[in-house]
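Note that subunit A is present in both complexes that follow, paired respectively with subunit B and with subunit C.
What follows is the complex of A and B.
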């Protein structure tokens, strides 16, 4: 793993050259993809780093998304809005992500998990659009920090219990008394907030709306997946307690997902609509993870990858429109199909990707998650049915409102699409739809 | 039987050649040769022999077109036909030879089945299909024979060869051929209809995507993969419905796609009972039927494609596929009631509707009710039969409706388009044919399937309520059909004018002259026809009477408020919200 970390660190020295960073990130992505070992072994072991297949998938995702982020943020370079600083922050964020996904030690994992907050905060504060970004940054920081300090305590108590924090060597908490309950909640609450689950999701729409496109893309694409990844890593430490509490997580996340879907139908801001839709999707991921089934776990990983690509692409689209019209409101962004017809195709493709239409990997993930949750309890069919139905409803609402109808009258003139933009969108869409042909690449076995 | 009949018709129809003395003898010789080739083709028991004769029937056709055609363009048309078919049928030869190598025999029935669906078989399949597609393309030549019998040749071969290729899915695969045929016509017509629109390319891409997803739906014997085509159908039809940029189409599109999404979700949940609900929504059965008339906002060729031949039949297809699971379950009786109500309400609604396309859509609804009903009684094959017949004559109806609407400059109100018989006699003829076929007038396609369904239903031991609803609905069908006839034309048939579109009813009448005339069913139809015709004459004179019972008319005419019930609350809340925001 060290070679990639060094590559990342050394890239920071070249931040004066935008194109070099951009190309190098794609190159790094390519080199890393050659190290795919599927489920054979943990690759790149050493210095308490190393990645199994799950880690590999997520590192691959973060590199890919980061390369696309740089591509999509060309306007920062054009307007000369301190591009080098922007690149530095992004590369530092990628470094934190690399460390998080490749850590084999819980403490290292915790530290790098937390450290990914700082570059994100700088991104939002430094390159955001409106004064409200300060509030959004504070929200994000305190929500996540508040939840994750107990995680540190819980990890330390694991250390005192078993004498090691290396993943796989930590003993499970078998008993199910009150203390273990507390311990359990302390441990997974950080990840649940990060995911985010309904009830603790308030920071997400704010952060998304205020962040620049890079921040939104990386938040939706990778940072939310940190929560899912963490859950996969720690949940099995509490087999008994988790079994007793899975009903709680499943009901909150599924019903919360339905409520969030309703909220999506009321949004007039494109970005916050997409942000809320992530909450609904991540709810499904959470419920798949806590029911402790093989189908649920793999389905969750697949959805994480699919949602990362898809909602990152949607944020990218929203930003392209924002750059032209200067507004994210659905009341202004109407009838885009009339003057951006080719972009309309991408809107359609990514929207239906978001509602899990075939042949996206979202569909694959959703099928496995639904199977797993329904086989856990037939009652959940009701909620899942509503969730799935309304995901189509709000996605098509967004598509229809933005692409259809009469376009905004006071529009002056704008370009209807550039090749570089199409390229970015295509690089989002292609893996989303092509990976289904070789699902072994994104299906880790646990 | 059919080809001899057609040939006789052809010779009758071509009296003019004799009159103008345009070498009548040569004409007769060529025709007889063609007849011979066709007879040999159909009686071949060996695929190779069959292939040779199949190809040979091309030559007289070519001579016919070149020798007795009317315009200089006939050369081009002949070349088109020849090369299209030859180009397409050479792969067929290759494929047949491969069969020979595989099994050592080419006798029909002894050829080994290609059970594996690997890539080669796949290619193979397409090689063989391509010939028939080309026949559809060859319609450029536009002769009666080509339309009447050669096309049928395609269908015949498809039955024979597909029977060889994949025995288990033979009948279900046929849907594929039908939809391909229907598609090519739709694409032709659609090309005319929407020509000049700047978004023509987008339209064609969408139609192609639609056909692709039909293909995906049909060739996959696996429920998850079925979902692939199923979802694709819903989404592409959504994109087609919102093709025109106005609020009405946006609303209709959302209504369409969300109704269909209920089905998608149900399939996702994959529980058998709910699974049936999935098929119901796509098939536009009663609680979910509002979307079908709403989807009429789409361009006309789209509505033809979407509604008649494919989208709604996709649901039936699934139900037929899974009909063994249906038999004996409780869902059967639920289906029965739902279907009877659908037929009745849709029939009633169509009688009060003035929009041409909506009338046709409502009649589609009621026909699908018929199909579902026979399925609920446990006769999947009859359902399938009617499904095919219905797909063809309903596609014809929609295409004709498109022509009519285009001709009268986008008026869809049938009160505005009367007496068209003098202006577009050909189209009217086709509409009449399709109409009559839909009513089940003897010797047209609808007769065979519908009559059989009615008879089977009547000899079964069923609920009295269902029976009454059904009988009434059958009358209603004919009633609104004749209402359409009354409004848009009152004239004679012009049977001498057969056309490209016309061939469809011929294609479907090929099957089975083995049914009896159901006396009860026939009586009902006559009654319905009389009522439909007379009542509407009356209603013109007493228009004010109608206003008096306005509320009743609205109630019955709007499918018992189902569109309002299913969408009012959503849009109401939404509108209020936006109003508050403004």
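What follows is the complex of A and C.
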């Protein structure tokens, strides 16, 4: 595992050459994919690093999305908007993500989890477009920090109780009294805010909208999954308390997902729409995780991968439109099939991926999650049914509003997609649709 | 066997003779240099127009002359031999860099990451022991059918092997089924 960390750190020395970083990230993905093709349940151990299959899946996802981020941010290179600084920030973010997903020690996981915030903040503040990005950065930073300091306290309590913070050697908190409940809440609140769940989701639309395309893609693609990954690693430490309180997380996340889906139908900003749809998807992920069964965990991981690819691709598309037309508003970006018919293919394919159409892995994950949550409580059928229905509704709204109909009169013609843009979108879409034939690669355990 | 020169198809490696190898290498070189042709642009370009109308209009006419790059000849107009090129999207300054980067990105991104990785993943032998587990399952089913045991036993372990504590030891412990 250290070889990838070193490759990442040493790439920072080559940031003067944009093309070199772009190529090397793809090379890193290739080498890693060969590295993860084995039977061992845990591998790459050493220096409190190592991963089981769940870690492999998410490391692969983060490296892949980072490679696509660099390919999609050509405008920073073209306008010479400090490209080497941009690459350094992105590589540091990738380093933090690699350390987070491959940590076998809870403290290393926590430190890298927190340190992934700083490059994201620098990305938003440094390369964002609008003055609102200051508030967006503040929201993101303080929401996450406020929620995760209790996590530090609870990890230190585990250390003083058990003597070790190595994953798997930490004692479970068997009892279910009030103190254990507070402990449980402090531990998982950080991940619930990161996911995000409905009531603590306000940072997400702001951060996604104000970030540059790289920031949006990385945020939607990988950083939200940090919350899910953390939950998987931490939830089993509180079996009794979780059984008592999972109803709260399921209710809030599913109902919140439904409410947020309604809000999606009212959005005018494309990026804001995609950001709210991320909240809805992650609400379903949270409910599946907290239900504590095999189906829920598997569905959650599969949706995390699928959503990472799909939302990241949609943000990439929104940025392509923004680069050409100068606006993210659906009132300006309508009738795009008249201007950019070739991009309409990718709008369609990624939109249907967002609403869990076959044969995307989103469908597999959503079916697994529906199975798990409905088996936990039949009443949740209503919420989940509304969630799935409205996810299709707002995705169709976004697609139809942006592509069909008459175009905005003050628009001129624009390029219908360069080869590099097509490549980036295709590299988003192909794993999303083709991984269904080898789902053993994305299932965390069986 | 190799076709006429100038036909752009994949050169085939042949082990017949040294001259054939040289021809292969030359053709490889020619294909690779097709777009990176800065060195091969003609210094002198002959232009012959086919218009038969009188050359007394207001529009700019290109005279039937030898246009030289090095000196600033002023006939009617100088013609640039630089073709308009449409960038692939990888570099907007240099066609050579754009082309090279396009090839590199597609090789590393598609050929390596999608095709080769897909191939490796598809043909991984018994990945995560799924085939083994299914075989073992079928073998166990066959064993149980032969012995007449139930295929899925409600008791995972035989009851007589489990030692349960007495009622005194249990006391007030909650029993969850």
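What we mean here is this: the second predicted complex is superposed on the first by the 441 of 446 C-alpha atoms of A that agree within 3 Å, B and C clash if a C-alpha of one lies under 4 Å from a C-alpha of the other, contacts with A are read in each partner's own complex, and residues count from 1 in each chain.
Assume a residue touches a chain if its C-beta (ideal position, glycine included) is under 8 Å from a C-beta of that chain, and two chains touch if they have at least 3 such contacts.
Quantities reported herein were computed from a predicted structural model and do not represent experimental measurements.
Novice: Pick one for A:337: touches subunit B only (first), subunit C only (second), both, or neither.
Specialist: Touch partner of A:337: subunit B, not subunit C.
Novice: For A:71, decide between first (touching subunit B), second (touching subunit C), both and neither.
Specialist: In the superposition, A:71 touches subunit C alone.
Novice: Just subunit B (first), just subunit C (second), both, or neither: which does A:152 touch?
Specialist: Neither partner.
Novice: Using the superposition on chain A described above, determine whether A:441 touches subunit B (first), subunit C (second), both, or neither.
Specialist: Only subunit C; A:441 stays clear of subunit B.
Novice: Under the stated touch criterion, which partner chain does A:357 make contact with: subunit B (first), subunit C (second), both, or neither?
Specialist: The first partner, subunit B, only.
Novice: Of the two partner chains, subunit B (first) and subunit C (second), which one does A:111 touch, if any: first, second, both, or neither?
Specialist: In the superposition, A:111 contacts neither subunit B nor subunit C.
Novice: Output the subunit A positions appearing in both contact lists, the one against subunit B and the one against subunit C.
Specialist: Shared contact residues on subunit A (touching subunit B in one complex, subunit C in the other): none at all.
Novice: Touching subunit B in the complex: which residues of subunit A?
Specialist: Its residues touching subunit B are 266, 268, 335, 337-338, 341, 348, 352, 357-359, 363, 366-367, 370, 374, 381, 384-385, 388-389, 392-393, 396-397, 400, 404-406.
Novice: Taking the touch rule as given, give the residues of subunit C at its contact with subunit A in the complex, in rising order.
Specialist: Going by the criterion above, the answer is residues 87-90, 92, 97, 101-102, 104-106, 108-110, 112-114, 116-118, 120-122, 124, 126-130.
Novice: In the complex formed with subunit A, which residues of subunit B make contact?
Specialist: 199, 202, 224, 227-228, 231-232, 235, 238-239, 242, 245-247, 250, 253-254, 257-258, 261-262, 264-266, 268-269, 271, 274, 577, 581
Novice: Taking the touch rule as given, give the residues of subunit A at its contact with subunit C in the complex, in rising order.
Specialist: Subunit A reaches subunit C through residues 19, 22-23, 26-27, 29-30, 33-34, 37, 39, 53, 64, 67, 71, 74, 78, 418-421, 423, 427, 430, 434, 438, 440-441, 446.
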